[in-house]
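Naming follows writing order (A, B, C and D), and every chain is counted from residue 1.
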């Protein structure tokens, strides 16, 4: 038994800083609550904001280090801070910063009165950050589950029948997905004797994919579990229900943060396989991508509830972006990040718009919170809200020059550059189909007469300064995206490129 | 008396996993469903243990531990949800929770 | 200021529209008119300071937008786009001036001003992406105009209009991106600048595919048969102002884009597809003319007639020689003026009777003589009577295409017959005969506000019919350079043969593009 | 001299615009007078030009301004006054001056008085452009301009269904011909590189015959439309719906002769393609007799005269086709005079009879309308070609031409037609003015027209009488400076006298026969009972050989039906439906498959497992097929994967 001596330097603890900050924050909040309960939600909101900003600062610092000295390993080489990690964490934290103030609604909702809500929220962020900042299957698993478990609880805390149903569904399927994940990683471990993705890759390369069949079986399990996280067909079935069940901003948040984390991991997991052209994976991904975006679009067409429509639309967006993993070029990967940054602005904005029109209980004689009828003639009653909502819809439809157009354009371009011309066409035409259901809402808002059941005060009943601010930020980001594209693109591309993707 | 090798463990774990899958699909009782998921995870644990022994490094077992831990916490959360649901509807039948569809 | 006149032209209306939100709705009309007048004055200034001897781009502006991806905000105007820009500002002006009392006029005027921004932008943009941005943006205001102020089927019509054109232009977007990628392969740098693309010589196979991609986008916009069915709905449901702008300007985007993109970028493909497209154009001309003849609603007659005329424009464009292309561009302007006027005229009667059914009318000539006279003039212009603006365009277009194919031109020439048939029949139904319907007994004749719109159009119709030179000359110069460029770029013998060589030195750089296939 | 050219050209326009100012307001006498004055000015200017041309023998050419210029195409507004155009100018301005003055009286009670003069002067202006232009494009302007004006004037009484219908028919039929014209112009441009007459014709001998043939054919198609040659002739008879002065000016004297003018103007072209010339001549001869036969039975005096115009146009084309361009032009001029006279006379009769047109309902008008009778009789004599009136010199000359060029069939046809012409002309004369009074019974009390109208007709009478022997020589001298100067004279005196006198006697016989048949007491208003009316040939003729019927049944109706089919079936049911169909398919597929989202948790779990299983099986399959991966890649590369 020789004593274990490890120098602290070699641990390179700075790599842990970004993840630790939210966790510390969570504990801090819990402690405060222990000391003196019954404090107002605004306190917790601001506290979490503070910690998130600190987190952000830590990330900036990390990105500086990255730009100087490239990828860092740390903590027994479990942590891996490369471009992808930093970029995705930026998105995660940024989106969270945009999300938190949405709790401060005019009407008080159940979850916001619990400090645990905020603690769990911060835990979740920490989990996601771990998930993206490593290429160790164990840590990925741990991060994933930490985040997911927190998320289930957050959904349930909305304290509505539907949110419980949603939570249970999400949880059960999540458990199944966890099973898949562990089984998949077990197989890879069996084949290679390692749980570090890059080492797995090396080993597989080394014996030149001798027993490809087993590798594929392992990949299938992992694909299934991440397909669940990314809501790719046929693992998407949870998404619409969960989105509908949970509160609007939470749904918006779920459509962004867990997915970017999952995207990063699947980049790490699958792209090396693509690069060592495993044709099978290419084909499967090709099919999954096309089917996901097409079918999701088609189902979104027939929805009668706006939130559910947005759920399907974000499934379709996920499929759209999944193409980047398939194409697996630097341009594609940077397109993925660009797309997701812009998407998070627009999507959070649109879900926030739903949030402000949320009523405490289901509107009488209606099965859903945000039916299309609810928005009919909105332009007459509250023009500004209508215009902003329309703006987000147009952006989601990919109408230039609004935010998401640039993402779509760059993604399609990367498909072309990658030689997937047909795919590019399919993507383009899907945006055309998608145009219809986004347009449908605009038609309701601008071209129909207001229905007597809903007055303006309903449709913007929840509005408060903080919500206004967030929506304003989202709107501005959506409109003036074209000014920011160039710096973002350069930043993203350099990061992706330097981390070797 | 035949020698028991890695493959036997793997086959066992696969069988268990399949049982778990079947359970997940067939069970209408939420509690049973959770058990099925536990079976899934534990089947994996067996495999991990065996493989790590086979490879002769501890990563596998480490993974197994983590899986156990996570399984435990999952059960905690799951049971919490289950209880709340039972309080509200005093049943834990899956088919009752399908108010959202389409 | 002249250096940025194009940007001013584009964004002045938009800014004005934003200010417009703050204005009380009773004084909105005045505001709108004054803005439109300023805009028109600016566009006239553009014309006067435009050097018609220069064939290339003028008043160029270049601001980097997404330099790392080669997207720049490049503007410029040449003889081809100049007059359509002027036309756009002109029509917005008289459109607002003659706006009949619609509900919430404020939103309408704001929308119109935004629409104007997009229209001017499309014709001034020299960067494919910027072009695409304005191209797509123009859908939104039109969607709103049709959908909010339209007839009973307005929502169906507007959504159809939007989605149809949107789908088409997305295919075009793929084409644009592919073109950029191609340029990147050839030169090693990303660029969406059209003028840069001009210098690129593509292998024929690529030309065909790209041409196809662009074609879908443009053809739906024009609209070419069989992609035309959104148009009758859009026109049929749209309010007068909507139809006027749609017919006068928005349709021209497609034909303009053919000349700006398809021809100079893909000369060989243009030659390859010349006859198929010509045949489509001829189907458009004759078939839609016959459909127009079968209509019962005067507005539908005008709508289908404009499809028919667009056919002639396409034909002239694909004559691929100076006469034809110049003619088609001139015809764009002519058709803008005439069909715009016709839609205004239809609007006049619609405002009085709230119906557009021809069977409701008859004998109007004795009730509304001035109206009948102006309608008659525009009718004669529309059937291509010499000394009216349309004739110049039609004559040149057909003359141009005659060089390519005699039989097809003869078929296309049937336009002047079928055109006369449906137009005269419609005129007869509405204006001749006894006044049978009591409601028509004492309709008021054209009033001042309508006169403000109609008189200038009538004057232009005659003036440019008799003396088209000031417009024809700049167009001609720019077209000559385009044709020369096409000739020099053409690879195949066929193309070299079809596209005349004018022996005007236009420099193109042979990029290593040939090696790519 | 340019100044006079411009005056001659633009005076009518000024007049038209002036009248147009009062278009909407109620009748003002001075409007008529002033516009007539402007036409007269134009006439004077034309005469000055004529004298100049006669004196110097040179021609005046001016280029006012550029019209179209693009690429190599250069089209100016250019005008030329040479022997040919000045002849036409004289005819046009003279006749139109007279018609204008006449119309002041004729349109006396019409509320569209001012409008009428505006249109009429506009017509004169377009006609002047047509004849004075020095290039094909300019010609086409006039060509379409007169078409427009004739549309306006035929449909002048727009409340009458028949009038507007006739107007549209005329316009559309002319359009058909204009297409031919347009194609001809394109051919000229792309083969000679210019549209100026002089340069184009100069270049033509260099072209191959086929091209020239096509040019000739297409230009002639244009001519057929304006000059209402078969099969585009039906509009002319229907055009009689217009006011009579219009018929006199447009559909007898000027516009319909534009076709002849075009052929004469392009004589250098047709000289190169004699076979087309022969075709033109034959067609002309055919139309001559074809129209004459229809005139025999018709019961509408204006239509009779219209058919006779048609037949005379046939003569002109026959002459032109045979290369006797100056003869054609000469007959054109002479015909303009006496035919206008005839029409105006008919106008008087109509006025007297309150727009009654059936000669059978008149009879014995000679008593109350002596002057008109004399005028019309003399005009008919001239038309019949009795020595020494105009017709004799111009029309019989055409017979001689045919005879000399050994085209005996054409000669025979034309000779026969001459007889028919005499017959039908005097048939109506007899029916209208002689025989016994059949109108009083119908409650008509005819009265002579205004004096000044009659005086206005006087110059025409004079010309109808003297223009033949007086002008022939000088005319020949003048125009043959441009046109091939072929003397048509039968050397053998015996033959000459036989055919000349023979023709005269034949014609006189026809006249005698007509008088005999239609002056007898037993004439009564046909009521469809008499055997003759039921005979096949009568039906054939009265129905114009069923040609209008044929057009209506086999062209107009099918076109209308086809249009409706195109709209209702093709456009709505096929083209549009397919577009909507795609949308519907997408939407309905959504509706069908949304059941997959049953919301039941265990179904969802099943879906996940199912997905997993599918992927697994695929993986296994692939694992087995791994060694064949090469082929697979090649297959997939087709997908762009």
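The rule is short, and it goes like this: contacts are C-beta pairs under 8 Å (C-beta built on N, C-alpha and C of every residue); 3 or more make two chains touch, one makes a residue touch a chain.
All figures in this text were calculated on a predicted structure; none of them were measured in a lab.
S.K.: Most central chain by CA mean?
M.R.: C
S.K.: For the interfaces B-D and C-D, which has the higher count of C-beta pairs in contact?
M.R.: By the number of C-beta pairs in contact, the winner is C-D.
S.K.: Measuring centre to centre with CA averages, how many angstrom lie between subunit B and subunit D?
M.R.: 96
S.K.: Could you put a whole-Å number on the gap between the CA centroids of subunit C and subunit D?
M.R.: That pair's centroid distance is 36 Å.
S.K.: Roughly how far is subunit B from subunit C, going centre to centre by Cα mean, in whole Å?
M.R.: 66
S.K.: On a C-alpha centroid basis, what's the spacing between subunit A and subunit B, in Å?
M.R.: Computed value for the inter-centroid distance: 26 Å.
S.K.: Two-or-more-chain contact residues of subunit D, please, as numbers and ranges.
M.R.: Counting only residues that touch two or more other chains, subunit D contributes 583, 594, 597, 599, 601, 605, 609.
S.K.: For subunit A, jot down the residues that touch at least 2 other chains.
M.R.: 168-169, 172, 176, 240-241, 302, 421, 436
S.K.: What are the residues of subunit B that contact at least two other chains?
M.R.: Within subunit B, residues 24, 97, 99-102 contact more than one other chain.
S.K.: Hey, which chains are touching each other here?
M.R.: The complete list of chain pairs in contact reads A-B, A-C, A-D, B-D, C-D.
S.K.: Residues of subunit A touching subunit C in their complex?
M.R.: So the residues of subunit A in touch with subunit C come to 394, 397, 399-401, 405-406, 409-410, 412-413, 416-417, 421, 424-425, 428-429, 431-432, 435-436, 439, 442-443, 446-447, 482, 485-486, 489-490, 493.
S.K.: Which residues of subunit A touch subunit D in their complex?
M.R.: For this pair, the touching residues of subunit A are 168-169, 172-173, 176-177, 180, 212-214, 216-217, 219-221, 223-224, 227-228, 233-235, 237-238, 240-241, 277, 279-280, 282-284, 286, 295, 298-302, 419-423, 433, 436.
S.K.: Given the complex with subunit A, which residues does subunit C contribute to the contact?
M.R.: 64-69, 129, 132-133, 136-137, 139-140, 143-144, 147-148, 154-155, 158-159, 162-163, 166-167, 170-171, 173-174, 177-178, 180-181, 184
S.K.: Of all residues in subunit A, which touch subunit B in the complex?
M.R.: 137-138, 141-142, 145, 149, 152-153, 156, 161-162, 164-169, 171-172, 175-176, 178-179, 182-183, 185-186, 189-190, 193-195, 240-241, 244-245, 302-303, 308
S.K.: Can you list the residues on subunit C that touch subunit D in the complex?
M.R.: On the subunit C side, the touching residues are 160, 163-164, 225-226, 228-230, 287, 290-291, 293-295, 321-323, 326-327, 363, 365-366, 369-370, 373, 380, 383, 385-387, 392, 395-396, 398-399, 402-403, 406, 409-410, 413-414, 416-417, 420-421, 424-425, 428, 431-434, 466-469, 472-473, 475-476, 479-480.
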